[in-house]
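Two complexes follow with chain A in common, the first pairing it with chain B and the second with chain C.
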Partner chain A sequence: MSVLAQQLLLGLLLGGLYGLAAAGLSLVFGVLKVLDVAHGELIMLGGYMAFFVVALLGIDPFASLLLVLPLSLLLGLTLYWGLFGFVVRADEETRVKNSLLIGFGLALALHALAVQLWTADERSIVTPYGGAVLSVGGLSIPVVRLVSLALAFALIGGLHLLLARWRWGKAIRATAEDWQAALLTGIDVRRAYLLAFAIGTALAGAAGTLVTIGYSVSPSIGLEWTLKALIVVVLAGLGSMIGTFVGGLLLGVAEAASAAAFGGPYREVVGLVIFVVVLVVRPRGLFGR
Partner chain B sequence: MTGLLGRHERRWALAIVGAFGLLALLPLAVRRDDVLNFVFLILLSITLAESWNIVAGYAGQVNLGHAAFFGLGALVARTLWIGGTPIAVGLVAGAAVATLFALLIGVAAFRLRGAYFAIGTLALGEILRTTVSNVLPEISTLPAATIAAYRLTERYYLALALAAISVLAVAGLAGSRLGLGMRAIREDEEAAEASGVGALRLKLTALALSTGLAGLAGGLFAFYHISYYPSHPFGPHWTFDALLMTFIGGVGTLHGPVLGAVLYVVLKEFVALRWVDFHLLIFGALFIAIVLLLPGGLVQAGERFARWGRL
Partner chain C sequence: MLEIRDLDAAYGDIRVLSGVTLSVGAGEIVALLGPNGAGKSTLLNAVAGLLRPRAGSIRFDGHDLAAVSPHLIVEHGLALVPEGRRLFGGMTVEDNLELGAFAPRARATQAAGLERVFALFPDLRDRRRQLVRALSGGQQQMVAVGRALMTNPRLLMLDEPSLGIAPRLVRSIMESLAEINRSGVAVFLVEQNVQAALGLAHRGYVLESGRVARHGSAAELLGDPHVRRAYLGPLAVRE
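Right, the complex of A and B next:
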């Protein structure tokens, strides 16, 4: 029993990262109506940024977020100006399809680039307190993963506040709701797109940092994380960042439960099956229109 | 307009099949295995790209789970063949299983439109790959007697036949009422339905044709390789390769995927001499440029160039 509880707990801790990974994708998809399947590769890049920041500056791994966040924000701005800014000019149906294709090309190119630059080896950040464990009622909680979960939640909460209070946050939400109406009320829709994409990329960078600290990064993690983020977005729907985070926690727990029931290798399958079923039952998919 | 398209495509089909005829003489002229292996790879790629082109290029449904059908064909053909069944039977059975599975999931998957169909099929492919790698973790190797009797030329001619079949299938489709209906769905599904095209039926037909060919290609893979992990042909890179080759050459045309496959394999093998997977960086970037600037791929570029030449 306590083994099962332990597994579910670890699933919950991992689920926080799923939620964070999905939040960026959800924001970009909800606002730009652009499906960026290179989101997992952006997470991967964030992971490498964190790895090198820690290796070169020797600072605390969690403090590397202070550098990785702005760097990822810049990466997002560059990608929007260079690529996705062209995609949003098309009508909505072409937009989703083209963004899928472009994201796909970007994912392949970034993966190949990462293999060239950093080899295909797995890397992770070793923390001095990496082995520390909290024992609570027979359960052991790895401190690093607990801090990661807390940080993920803090970032999601911060994003929620940003979208609710900040002037441009409101503009982003208005654009997501109805971009034509937003345009008519004088909102610079292109600017809202740019901001949403950059913030989405920054969230991917943060997720990558936490993944590299708690687990590991390699050039090939992209597809897996894109799928996780997609599953959570489908589960949680669009519009609420807190909802997305809860969806991530649910996926983490569901995976752990299925691993306990059917054996470890099938943990990936269960999430994907949920995903396909939800998609087919709601054929209009994520919008639910 | 249809007549014109048909004639245009017939000419390309003739040229490509003519080239295949010349390739049939290659094993008589060249006795080097490396050359035959190289051409084999191109032919397998042409089959895979053309098969993907049917459902994505003509019917407009971006199937990102194509590898699942390639893998099923390989799995069934390999199992039957090692069990003592003639490879021809194994190939047909593999294609049949792939097609049946496609029809089974197609009814549900085609409730999804556009990008949702794409990510749904991507997930489906990954479900199959993970399951196969869990159920069959052991590497599959041919028995010693089969290895001793291995003849590369047999595989080469089979690859040539399958590539020819796939090109002829697409050529036949392009000139037919069926192909016209599929293109109508690709351009505007609602408008096609409104003018009496049965969208679901045609999409299922395209999927069946596409996955049947992918199943055959998978069987060829199983017949060709001496040992591989059963989950390998289910890997998403098979889908990605087919997509890149088709888009770079020219999606929804007969000769585009053939050009794309030749270019892709030549560059991949050339670059792989020095850097592993570097070709994906080049093709990934080229692919993005094509989607943004030249949606018709190299074929469209060639047509534009030819038009300038005439002016």
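Right, the complex of A and C next:
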């Protein structure tokens, strides 16, 4: 029993990162109607940024977020100006098709670039308190992963406030709902796209940082994270960042439960089953509008 | 104020407007009438910048609107209440209205604009924190007109504001348009409800198959046998 509870707890802690990874993808898809399948590679780049920031500056791993977030924001601006800004000029149907092509191309390029620059080795960030564990009622909670979950939640909360209160946050939500109506109220829709893409990339960077601290990074983790994020976006639906985070937690727990019930190899299967079932039963997702 | 000359517009290969010339003067209420598919909405969308015309010119106070980015057209004092209202349903009444004042010129007068909208539609004041999608059709139309007013327009264009709204509310919407007009805003109105539209308007144009088929004062159009037969029905002819 306590073994199962321990596994579910670890699933929950991992699920927070799924939620954070999905939030950026959900924001970009919801606002730009562009499916960025290179989102996992952006997470991977964020992980390497954190790795080198910590290795070069010797600061606390979690403090590296203070640098990785703005760096990823800049990366997002660059990618929008260089690539995705052209995709959003097409009508919505063409956008999804073109973004898939560009996204896969970008994913392959970034993967190859990462292997060239940093080799295919797995890397992780060693923290002085890496082995610390909190014992609560017979459960062992790894401190690093608990802090990661708390930070992921804080970032999602911050994003929620940003979209709810900030003038441009409201403009981003308006653009997501109806971009033509947004134009009629004087919103520069292209700028809303740019901001949403940059924020989405910054979230990917943050997710990559936490993944590298709690787990590890290598050039090939991108596809797996894109897949997880995609499952969570379908599971949770568009329109609510808190809902996306909860969706991530649910996926983490569901994976852990199925690994416990059917054995480790079935861990990945349950996510795909959830993906299909949600698409059939509730296509707009659990919390979608 | 608004001068449209020889306007051609098309969706893909389908030509919707051919050589449309019309104008709206400062302080006027002008109705644009015509059957479904005549191109009325297309005309308004072209003026608002949602659709690029094939040929012809659209000038507003002498500015060529073809050279203006769509999101900057409201800055010239031109607002559209689109067909079907197109509100941000997941947001509150207040958020919708505030987004109407997003552009710099309107933002400077946002507080006064909000008071103006609430004075015009007192119902909205109590519902300012409600989600728009929870409101009735009539209330949503008030929000839609309110959002456009928040842009502080000199010309307000409306695409079928009476669509899907209870008849009692249609009259109150028309009355509020008259009131908006009295405050110095020109109104350009596309409407299927010809009786209501010509009751309000000073002048009107009839658009058929993408061309201006008739134009004149509201009284002239109401007395025109073709308009009566085509748009007011047999009852009106017998009257």
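The definition used in the following text is that the second predicted complex is superposed on the first by the 279 of 289 C-alpha atoms of A that agree within 3 Å, B and C clash if a C-alpha of one lies under 4 Å from a C-alpha of the other, contacts with A are read in each partner's own complex, and residues count from 1 in each chain.
Note that in this section a contact is a pair of C-beta atoms (placed from the backbone, for glycine too) under 8 Å apart; a residue touches a chain by one contact, two chains touch by 3 or more.
Just so it is clear, the structure is predicted and the values come from calculations on it, not from any experiment.
Asks: Quick one: is A:239 in contact with chain B, with chain C, with both, or with neither? Answer first, second, both or neither.
Replies: Only chain C; A:239 stays clear of chain B.
Asks: Classify the contacts of A:178 with the two partner chains as first (chain B alone), second (chain C alone), both, or neither.
Replies: So A:178 only meets chain C here.
Asks: Contacts for A:223 in the overlay, against chain B (first) and chain C (second): which applies, first, second, both or neither?
Replies: first
Asks: If you stack the two complexes on chain A, which partner ends up touching A:133: first (chain B), second (chain C), both, or neither?
Replies: In the superposition, A:133 touches no partner, neither chain B nor chain C.
Asks: Between chain B (first) and chain C (second), which, if any, makes contact with A:106: first, second, both or neither?
Replies: So A:106 only meets chain B here.
Asks: If we overlay the two complexes on their shared chain A, which of chain B and chain C does A:170 touch? Say first, second, both or neither.
Replies: second
Asks: Have a look and say if chain B or chain C is in touch with more residues of chain A.
Replies: B
Asks: What is the contact status of A:187 with respect to chain B (first) and chain C (second): first, second, both, or neither?
Replies: second
Asks: Determine, under the contact definition given at the top, whether A:276 touches first (chain B), second (chain C), both, or neither.
Replies: Touch status of A:276: first partner only.
Asks: Indicate the residue numbers of chain A shared between its chain B interface and its chain C interface, in ascending order.
Replies: none
Asks: Taking the complex as given, what residues does chain B use to touch chain A?
Replies: So the residues of chain B touching chain A come out as 62, 108-109, 111-116, 118-120, 122-124, 126-127, 130-131, 133-134, 236, 240, 243-244, 247, 275-281, 283-285, 287-288, 291-292.
Asks: Which residues, counting only chain A, touch chain B once they are in their complex?
Replies: 35, 37, 83, 86-87, 93, 96-102, 104-113, 115-116, 223, 227, 230-231, 263, 265-266, 268-269, 272-273, 275-276, 279-280, 283-286
Asks: Which part of chain C faces chain A closely enough to touch in the complex?
Replies: For chain C paired with chain A, touching residues are 48-50, 69-72, 74-75, 79-80, 82, 86-91, 95, 98-100, 102-103, 106, 147-148, 150-151.
Asks: If you look only at chain A, which of its residues touch chain C in the complex?
Replies: So the residues of chain A touching chain C come out as 167, 170-171, 173-174, 177-178, 180-189, 239, 289.
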